Structures are given as C-alpha cells and as structure tokens.
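Before anything else, here is the set of structures, which you'll find just below.
Below, subunit A partners subunit B and then partners subunit C, in two separate complexes.
So, the complex of A and B:
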C-alpha cells in the first residue's frame, strides 16, 4: 500500500473563523498527526490563490489526501474536489471539516472553540486516510419522454419536446385534452380567450407526428431510472410497453368543493355558484340567475377554501385576478348591475395584474374586505319582502360596520387543491408530496422544476397553484432540462452508492423495504439484493438497516466512519479537561 | 346593528353632484393629512367609505362633512385623484337635503329649473307687492334734503316683512336642526346626560362667531378663514341692522359719515365685497382645491349675495345723492333679490351651513363625551 501523505489546510474565512478559532495553533498542532505531510492556514482557502496553493502542494509534496477545514461542505466541497481533480488526484481523496458553521459562528469561547476545531480536523484527517478512489459513472439517455397530464402544462411540454424531434408519450386521464384551461372563458389579465389559445395547442398536439397520445389512460407503474424508464400501459385491451428517458409530471389541480362550508350555503341556494360554474355560464353566453333573470346584485366572494386554517392555508394564486376578470365581464354584460368583491386581501402580483386591479376598481365595483381567518361572510335567505333572494352578512373591515348586502347571484372563488390520486402518482413516479399534496420540487428556489428523482420533472399546478404564464414557463424550463440530457446522450449519476456483498447477503430484503428511492431489487435466482446504482442516491439507509453488514455504502464505509469517530474522540477528551 | 347596504345611495349622491365614484381605495392618506381630523372623529376616509358602500344610516349620523372646510390638502395628497375634498362638499349637500324634512332642498339641488322658478317666483311676488300695495312714488325731498324712503317703504311694514320672513325661515331652519339632531344623536341611540348638553353648549356661539376650526386650514399662506370671516361678520352685522335696528338703519336723514349707522354699514359692505370678490375670482380661476368644483347652488348663492350687496351699495349712493326715483327702484330690486336669497338659501341650500356647522361641532362634542362616559363606565368595577 502506498504511503499516506495528507495536506491539511485551515481557512481563516477572513475573520469569520479566525476571530473565534486560533487557526495557526490548529495548523501547528495537527501537523504532528501521523500521515500529515504539511499543515497550513490561509486567509481564504476557496479563493483562486487558495486553491492554487493546494494544487501546488499536491504536486510538490506528492500529497495523496487533502483535508480542508473551512465552511460547510454544502458550500465548497465541490470547489475543492475540483481542485484535487485539477492536480491529478481523485476528487474523493478529500475531506472537509466544518469549523465555521459548527464552530466559530456558534461559540463565544475562543479557547474551547479552538479545541473543538482541532477535534473536527483530527476526525477529518483520520477519515481521509481510508478514502478510496471513486470513478464517475454515466448512463445513456432514451430520447423519448413520458408526459403525464394533458392540460396546458403537459401540452406545452409535449409540443416543445416533440418540435425538437424527440418522441413524446402524452398520457391523459380523461377523454379530452385541455385540462382546466379548456373550461374557462377568458384569461386574465388581458382578457384574451382561453379557448382560442388552448384549442390551437390541442389541435397541434393531436396531429403532431412525434406525439403519441393515450387518452383515458393512467400510468400504474414505472420502472427504471433516468435515461432508461419503462412502463406498461393498458390501451384498448392490449398492453403497450413504453420506453422513455425522462418523465414530466403535469397532473394539475382540481377546484375546491365548497359544499362543506355551511356559511356559504353552496348546494342550498341555487344562485350560489362556484367560479367554474360561472365560467360555464360565460361560455354559454348568458349570465342568468336560476330564475332566468339578469342579476342586479352580484357578490363575488374570494378565498373560498384558501388561506384559511380550516381548509387550505396556502393561497391559490389565481382566484383574485379571475374575480376581477368576472367583474369586468359582468360590467360589460349587465352595465347597471351592482358588483361586489368580498375579499380578504387583493393579490395582484403578476405582470399586468395590478393594472387590471386599477382599471377594474374604476368601473364602479365595490370592494368589501372581510376577515378570512375568524369572520367569514354568511349567506342567508332574504325575507319575503326583499327585492333579492339572498343577503350576505359580513363584518366589513374598511368601514368597521356589520352590513348585509342584497344579492341575487353569488360567485364563490374556489381555490385549487390536489387531486385525490396525487399520492398514488407520487409513488408511481417516485417523487415526494408536500403537506398540501403538491409534488415537491428539488429546491424551492434554485431548482423548482426538477425533483429529487433524476429524470422526473414537475410542471404546472401539480407542483403548486399558478397561473397560465407561470405554468408555461415551468413547462418550457423542464423541456430545456430534458433536451440537455437528450443532447448529451448520457448523464452522470451519483457515484456514492450502496453495493451489496453477495457472499454475505442473506436475502432478508430489509434493505428493499427501507430504500426511499426503490433502488434495490431482489434477485430471486441468486437469493440476494441488487442495488440499481443509477437510482441509488447513496443515502445509506440500507447500509444501516442491513443485519449482516452485506451492504456497504461507498464513501461511508465502516472504517471511514469509525476512524473519523476515533479522531474526534482523541481531541475531544482533551476538550473535557479544559 | 346590521346595516342593509343601500344600492341606490350612490345614484342619489351622483344626482347631488358627487364627481367621482370609484377612485378611492381607502389608503387613508386623506385622513392622515387632514389638519382637522381628530382621533375622536376621523375623516374623510371613513365617511367616504360609508358613502361608497351605501351605509345610509351611518352616513346620515356622521357629522364629519361639516367639520371639513375644504382646505384641499386631502385632494392634493390623494394618490388616486379621488378628490376627497370634493366628496366632503357634495356630502354636505346630501346632508342638507336629508336634514330638510320638506324635501324642497333635494328638489332645488337636483332640479335647476325648480330652483330658478322658486327664485324668480319670489322676486316677482316682491315686485308685485310693491306695485300693487306700495304707496305712490314721491319725488320730493325732505326739508333736510333726504329721499322720503320711509314714506315709500314704511318702517312698520318692512319690519313686519322682516320679522315674518325671519320667523318662517328660522322655524324651518330650527326644525331642520331638530331633524339633524334626530339623525345624529337619537336614531343611533347615543346616550348623553343632560349636564353634558349644558356644559358643551358654549361651543355653539363660539364656533359660530370665531369659526376657529377653519383657521387650521389656512396653512401655506392661504386666507380662506379671513375672507370667510369678513364675509360672515359683514353679513351678520347687516342682517342684524335690517331686522333688529331697522328704524335706526332705514333713515331719511343723511347721517355724517362717522355716524355708527354709516360706519357699520361700510364695514359690512367691505366685508361682503372683499369675501365675495375673493371667492368669485377663486371659483373662476379654479387654481385652488377649495374653488375647483362649483355646483350650481354654489354659484347661485354667491351671485345672489353679490347682487344684494351691489344693489345695497347703489341704494345707499342714490339715497345719499338725493335721487328719489333711482332710490325707490333700487330698493325694490334690492328686496326682490334679498328675499329669495334668504328664503331659498338659508333653510334649503348652501346657506344652511351657518347653522349646521356649529351644531355639527356641538353634536360631535356630545358624542365624544358620551363615548368617554361609556368607556369609563365599562372600566369601573361595577361593570366588571
């Protein structure tokens, strides 16, 4: 075995670390540990000169292991691995000790903090001795894509991909493409026809040579991993085996059902209708009450099922502007009508939306504010002598008065919520749900399109409620990502994975049950578990669950972990004496 | 109390001259900038809300429009150009029409033909009275060289006319104030102890005489309060002289110029002319918020007062100059303008504000005291 030659670098991080940790003392003391060839401190290790220092030392001192003691590996582990690679070393011959977030930022005793820093660096030095070279692995990419959901999100993704020449399988649960967008009359904020936009896209999708549409179909099971998925779907009694490299989940959301809200009397009063029912009236061209009359007093109630602790806490994001759209349409259709917007907060954040609010508010529309948490409006039947059918009782916040509004039509702006089968879909494609049963993106800010499962993307409302422009943006972002992998032809996969020692594996299948990525299968012939390394994320759950020790997690081997602990304890015993 | 939204109220207000209906989105900048808005009675935002929403009962019980003297700071500050000051002015018109139980106020405000017909009708009646029952015009002068005005218009008849007009107009005005009292205090159920009515009573004459609140609007070098006060005192002096001291005022003898009768006359002429010219120029130029919007009733009031003043000056000059016929005809014209002005404007139109403003301040003070009393009662151990 080659001689172990470790380089140790202690970062000052300006004054971030050096203010609380005696970095020079740490460097000096640890230079005495066995295997350490050089030990240095430097102002900013992550800077270009800092990295150059490491590269120079690797070459000059023939280092084969490197420890950097600086910030969190979440921030700069990749930076330093890259430096090792540039110096000709395998990037995994590297270990980082976090003495900023875990030491200098959280302690106020310089002496103790320095001791703790020494313990952490000693642990890293002990661990890096056991590191092994790991090699990059790639898998090939099947250029086909599976799109689940035929609404505006799915159609947009399908068309984008198909236009580049890649085959697309578009799965739609219902008998028609178009989703929710096909059910609405005009779009906000510019009041263009939704029908026209979606109809053109549907027609193009249906006649596109690269798009294979499966209507009335659901996907029950998907096998494989990025680049090499497959699924068997039932179609007209026969089974079709589809192979595809990426998956776009675009299953959308459904409108909230207000039947459970007694105060709004939905189902009890025929003229209390939901927003989608009002869209139907708009599409049919006449806005009449149940009795067939033009409504004189229309009340539009916002946030039905949204932003309330007892229903859904989130904002459905589309209803405020839709309600303004209705006010405009009502104003044009019935110029003399009294139109009321009963709202909690007016949210007009998108492009052109504040302008829509401003222009609508100048059309004689009355905005009434209520308390969405504690004091919802109540719809009551009017007394026989009244000119209208219903009275809406509410505490109006801007006047501070308890009022009742006569109404002969009430539109409930129902929010959006997850489909009942969201959980099932999440299992099928192997992604997670958040608390509201929306599909979870990989990172809420930095990667709101991908998921934690490579090759699976979430677009449109199924990820969170959003309007049409946001949906289309997300759909196109996902296609760009997919096109990237298709163009490369192959994709790098995680190298820190689990491996099964088939000689020791007893075939108990405990690992299969605990794996969160369904990366392990059971080889019936050999009677052992098999890890699919393209799916495995190296989380280590199987390794810790394995009763025989047959599963070994690369880069997290027993020797690595145990010697790391030994290193930590060797210094922390001293820490206790202080 | 639940208030039913009156969907027709906005149509009503539009008829009474409200300019813009939709702009206000209740940011409250107007209330923040208003030099007169106080914690106890915040305005104008809240009353705008009541008007917009059709909360008739609250609006009619709200005296804040009378607290506003239209300095225009709110309209200048408004981010949506909703003209809150203008709305306050229009609401004063609305409240005047509500307080007036006869319905004539509403008729005159909403129907200009009826208003003109009433003014011209009254003027014709005055002219006819002089033409039919008036004594023959005597061109001869008294031994001292004065016009024989008292034989043309005998003091006792003119006094009788003055007093009967004062009684009728006063009765109408007082009944309207009682109606206002009902709308503001009784209907909303404000409980006020009798002592409070008495202890707060001093506010009525004080605010009538000084219009002290108006002074707060005079920031930035404006002179609204001064011009208005001169006009008001000028008018009050003249009105008192012709109603209470007519025998001393309507004299045939030409007094020396330093005689109190002439000095008071000159003061009120100056006050009226100064104030009127200030307002007329302002309303024509429209370069200040206070003068930007003029309803027909605003113009009619100013024009009639101006014509009364001018005919009064001419009457004086002709009399002093010893010109009998000119004096007699001007006298008829003067009365023919004066009578409709007082009979229409005081109980039914713009001039009623001379009573409503001090009473609004009085009622607001009563309400404030009632609120504090209620607060104290709720705090006391017996209440707990």
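So, the complex of A and C:
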C-alpha cells in the first residue's frame, strides 16, 4: 500500500473563522497527526491563490490526500475537488471539515471553539486516510421528455422542448388542457385576458408535430433513470411503452375547500362563494346574486385557508392580487356597488403589483384589516329589516373598532393546496414532498427546478403556489436544463453509489425494499442482490440495512465513518471539561 | 504425560471465564480424539488432566506449539493465565465465542462488579447473607493467608488482553471444524494470515440456510419463537422473529436453524462487519413497516431483550463495549 501523505489546510475565511478559531494553533497541532505531511493556514483557501497553494503542495510534497478545513462542503467541496483534479489527484481523495458554520459562526468562546475545530479537523484527517479513488461515469440521454400535467406550466415546458425539435409526451389527467389558468378570466396585474393567452398555447400544443398528448391519462409507474426512463401508459384499452430521458412534473394544485370554516358559512349562505366560483361568473359575463340581482355590497375576504396554523401556514401568494383584480372588475361592472376588501396583510410584491394596489385603492374600495391568527370575521344572516342578506362582523384592526359590514355577495379568497394524489405522484417519479405536500426542489436557492432525482424537474404550482409569470419562468428554466443534457447526449451520474460484494452477499434481500430509488434487484441465478448504479443515488440506506456488510456505500464506508468518529473523539476528550 | 515423540506437536487447552462447553466440544470429536493424541502431546488441559500452574510456569518460552484458550477474561486468574500462555505458546488460538467476542459472560458488561456482587451475594431469592459477606482477594486464617482471584469490573475478549494468532468461533465451535483446523496445523500446511478466523466461512449464515428468503421483509411486530407457528420453511425474519443469521458468520452448518430455532449469533460477524449487533439493529430498523414515530416505537417495543438479542455473544468486542453510565467510577478503579 502506498504511503499516506496528507496535506491539511486551515482557512481563515478572512475574519469569519479566524475571529473565533485560533487557526494557526489548529494547523500547528494537527501537523503532528500520523500521515500529515504539511499543515498550513491561509486567508482564503477558496481563492485562486489558495487553490494554487494546494496544487503546488500536491506536486511538491507528493501529497495523495487533502483536508481543507473551512466553510460548509455544500459551498466549496466541488471547488477543492476540482483543485485536486487539476493537480492530477483523484477528486475524492479529499475531505472537508466545516469550522465556519459548525464552529466560528455558532460559538462565542474562542478557546473552546478552537478545541472543537481541532476535533473536526482530526476527524477529517482520520477519514481521508480511508478514501478511495472514484471514477466518473456517464449515461446516454434519450432526447424525449415526459411532461406530467397539461396546465400552463406543462404546456410551456412542452412547447419549449418541442420547438427545439425534441419529442415530448404530455400527460393530462383530465379531458382538457389548460389547467387552472383556463378557469380564470383576467390575469393580474395588467388585467389581460387569461383565456387569450392560454387558448393560443393550447392550440399550438395540440397541433405541434413533436408533442404527443395523452389526455384522461395518469402515469402509474416509471422505471429507469436519467436519460433512460420508461413508462407504460394505458391508452384506449391498449398499452403504449414510452421511453424518455427526462421528466417534468407540472401537476399544479387545487383551491382550498372552505366548507369546514364555520365562521364564513360557505355552503350555508348561497351568496358566499369562492374565488374560482366568482371567476365563473366573470367568464359568463353576469355578476349576479343567487336571487339574480346585481349585488350592492360585495365583501372580498382574504387568506381563507392560508396563513393560519389550523389550515395552511403558508401564504398562497396569488390571492391578494386576485382580490384587487376582482375589485377592479366589480367597479367596472357595477359602478355604484360598495366593495370591501377584508384583508389580513396586503401582499403586493412583484412587478406591477404595488401599482395595482395603489390604483385600486383610488377607486372607492374600502380596505378593512382583521387579525388572521386570532380573530377572523364572522358572516351572519341579516335581520329581516336590513337592506342586505348578510352581515359581516369583524374587529377592524386599524381603527380598533368592532364593525358590521353589509353584504349581498361574499367572495372567499381561498388558498391553494396540493392535490390529494401528490404523494402518489411523488412515489411514481421518485421525488420528495415537503410538509405541505408540495414537491421538493433540490435546493431552494441554488437549484430550484431540479429534484434530488436526476432527470426529474418540478415546475409551477406543484412545487409551491406562485403566479403565472413565475410558473412560466420555472417551466422555461427546467427546459433549459433538459435541453442542456439532450445537447450533450450524455450526462455524468453519481459516483458515490452503493456496491454489492457478491462474495459476501448472502441473498437475504433486506436491501431491496428499503431502496427509495428501486435501484436494487435480486439476481436469482447468483443468489445475490445487484445495485443498478445508474439509478443509485448513494443515499446509503441499503448500506445500513445490509446485515452482512456486503453492501458498501462508496465514500461512506464503515471504515471511513468509524475512523472519522474516532478522530473526533480523540480530540473531543480534551473537550470533556468544557 | 506421554513422552514427547518426534513430530508430535505440543497442545495446551485452557479455560478462562467459560462454562466448560468448549472443553467438552473438544471431547465431542469422539474417536478422533485418538487422532489428536497421536499427533499432539496434551501438555496442559485442566478439565481432563491434572496439571498445576507451576507446570506451565516451568515450561520454556514458546515451548507449546498451539494453545486453545476458551473463555473470556473476567478475573485476575484469567488474565494471569492468558499472559502466561501467551509467553509459552507459538500459536495462541482464541477458541469459542467467549474468548473470541466475550460471549455470554460478556453480557455482564451491561452491569458492573458492584451490581453483580449485590445480586449474587445479597439479593438472590435463595441467598441468606445478613452480614453481607462478599469475596475478598486475601483472607487470613490460622494456617496462613488464602487468596482468591480478583473479580474485575470489566469482561474482556482474549485479544483485548494478549496478542492472539487465530480465532475459532462458536458456542461451542463445531467439532468438525476443530478437526479441520487441527489437521491443517499438524500437517504443516501454510496457515492463513495472523488474526484470521478459522473454521468458518466468510459469508453469513443465510448463505447456508435452507429456508426460503424473499424481499418481503416488512415487519409490523416482532415475535419470540414460541409466538409463531413456524412453517419450517420461511426465513425467520419474514415471520417476524429476529434471527441473527444475516449478521453472523456461517460455518456452523446452521445448526440452530436446522433445529427450527433462529440463529443467535455465536459465530460472530462476517469479515465485512465490525459490530454485528449494531449492524443487525441497523438492518432491523430499515425493515420496520411503519412510518409514524409512535407506531415505530411500538414495533421496537415488541423486541424482547434487545441487548441480549443483538449482543448475546459480542458485548465486549462491540463498539459500545460496556455500560459506562452505571460503572464510570468502578471502571476507573478496575484493572483495565
């Protein structure tokens, strides 16, 4: 076995780390650990000169392992792996110790923080000794894409891809394309017709030679991995085997059902309607009460089912602006009507939205504020002598007064929530759900349309409530990513995967059920489990499930983890007094 | 003792903290014992032949070719003899689960000396000891001073005390395996690298197990063997019975499973596993067929005696090694 020669680099991160950690002391003390050839500290390890220092040392001192102790590996692990590669070392002969997020930023005692930093670096040094070279792997990409959901998100993605010449299979579970956008009249903030926009897109989609549409269809199972997925779709009694390289999930969401909220009397009072029901009236051109009269008093109640711990804690994002849109449409249709906005907070971010708020507020609309957490308005039936059908009681927050508002029509701005089948879809495509049953993106900031499953993208409202421009932006972003892989023809896949040692595997099959990516199958002839490395994401579940130790999670082997723990504890004993 | 004949090897067998089963397992080779004595001089074997400590002390260093040491090291006598036999022996073999992994006596590491003495000398239902007399290492009588070995707080494996050349696992080891290893040693064949486990497979029990296995290992309730109507064919785990087979080295001929009892793990971990108890717990955790924390807890609660199930033979050799909380102070005093 070759002699282990480790280079250790402690980053100051300007004053970010050095302010709370004695970096020079850490470098000095850790230089004494077995295997460490050089140990240095430097102002900014991630800078070009910092990386150049590592590359120079690798060559000069014949280093074959490198430990950088700096920020989170989420930020710079790839940077340093690249540096190793540039120096001719395998990028996986590297380990990072996080002494910024895990030490300097969270502690206020310099002496103790320095000790903790030493323990973390010692753990990394111990671990890197067991690292092995891992080779890059690529798979070819089928140029077709499966788009699930035929709303504005799915249609946009399908058209973008199809226009570049790539085939698209568009799956829609209902009988019509268009989704929720086809159910609304005007869009905010510029009050353009939603129908005109979506209708043109639907027509183009339906006639596009590269788009194959499957309406009234759901996808039950998807097999394979990035570049090489397939699914069997039931169509008119026959089965079609589709093959595709990428998946766009654009399954949208549904409006909140306010029936359970007693204070709003939905279902009890015929003139209490939801925002989508009001859209229907707008589309029909008649805004009439249940009795067929023009409403004299219209109250628009915000945040129904949103921003409240008993329903949904999140903001549904589109309702405030939709409510302002309604006020404008009502003012045009019934100029004399009294229009009330009963709101909790007015959220008018986004291009043109604050302007819509300002212009609407100049149109004789009453804005009344209530406490969404503790004190919701209550809708009551009016007394026989009153001039209206309903009265709305509320504690108006700005004036501090308890008021009653007359109403002939109440519009509940219902929030948006995930479809009931979100969980099923997440299983089918192999992605995760967040606590609100919206699909999880890979990274909320750095990778908002990809998912942790390579080749699967989430766009539009199934990822979280958003307006039409944001939905279209996401759809186009995902298609750009997909087109990138199609153009390259192949894509690098995870090298940190699980591997079965067939000499040790006893065929107990414990691993098969636990794999969240269905990457493991049982080879009946050999009597062993087999990992399909193109599907495997290296999550390590099978490695911990395997009772015989036959499955090794590459880069997370028992030896690597145990020696990391030993390294941590060897220095932590000194921390015992702390 | 027979006179040393030419080409005969010198064999010693000793016991530490053991039940005696390992020594009996050597007798279990039946008529093959004649082959053993034909090839080897038994220079020390207290269970069968009369020797004194001084007989061993008087031997030159490395005089014994092979010593089979069974039993764990739990008192000063065990430790003294382990050191002595190491000095006198060329090939020291840890024989059986106790010597190899700590074995059943090793379960005492979940307790400590104080608790054990209290239970044994005071609180057992059959004990009458109002003066609370406990064993002393030295006691003066008219005739002089008597001594007893010191009972340690900690049970150790043989290789935690002295350098060990080979391990033969099992509680007790299969007699056939012993004969194979013995024959290999006397034949002068090239021996495997130092530290190897002999007389066992690299693969786990499941590899030899005739029961039908499938991927259907999702468990909603763990059961003890008497709580199921075993069909004699299906994998024990799939019937909800914890079987240590997957995390246990094969080679015993799946004796327990052939007897319709789940494997208890006496052969220790396969080469690829360092801590069989941890590995098996990890595996068991992944096959629990529940998602809600309370429901998962309920399934886990259905495991009777988890320590004795997962670590029946391997506490001292495991990562946890012993219960520290109840014995921190005692451990410091103990000779470790």
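Please note the rule applied: the second predicted complex is superposed on the first by the 463 of 578 C-alpha atoms of A that agree within 3 Å, B and C clash if a C-alpha of one lies under 4 Å from a C-alpha of the other, contacts with A are read in each partner's own complex, and residues count from 1 in each chain.
In this text, a residue touches a chain if its C-beta (ideal position, glycine included) is under 8 Å from a C-beta of that chain, and two chains touch if they have at least 3 such contacts.
These numbers come from a predicted model, not from an experiment.
Contacts of A:366 after superposition: subunit B is touched, whereas subunit C is not reached.
By the touch criterion defined above, A:338 reaches subunit B but does not reach subunit C.
Of the two partner chains placed around the shared chain by superposition, subunit B is the only one that A:297 touches, whereas subunit C remains out of contact. By the touch criterion defined above, A:513 lies against subunit C but remains apart from subunit B after alignment on the C-alpha atoms of chain A.
When the two structures are aligned on the shared chain, A:197 is found in touch with neither subunit B nor subunit C. Contacts of A:399 after superposition on the shared chain: subunit B is touched, whereas subunit C is not. Subunit A uses no single residue to touch subunit B in one structure and subunit C in the other.
Those residues of subunit A that touch subunit B in the complex are listed here as 296-297, 338, 361-368, 391, 393, 396, 398-406. Residues of subunit A touching subunit C in their complex: 501, 503-510, 512-514, 522, 541, 544-550, 558, 562. Residues of subunit C that touch subunit A in their complex: 202-207, 209, 213-218, 235, 237, 245-247, 250, 269-274, 279-280, 282-283, 285-287, 319. Those residues of subunit B lying in contact with subunit A across their complex are 1-5, 7, 10, 21-23, 25-26, 46, 49-50, 52-53, 55, 58.
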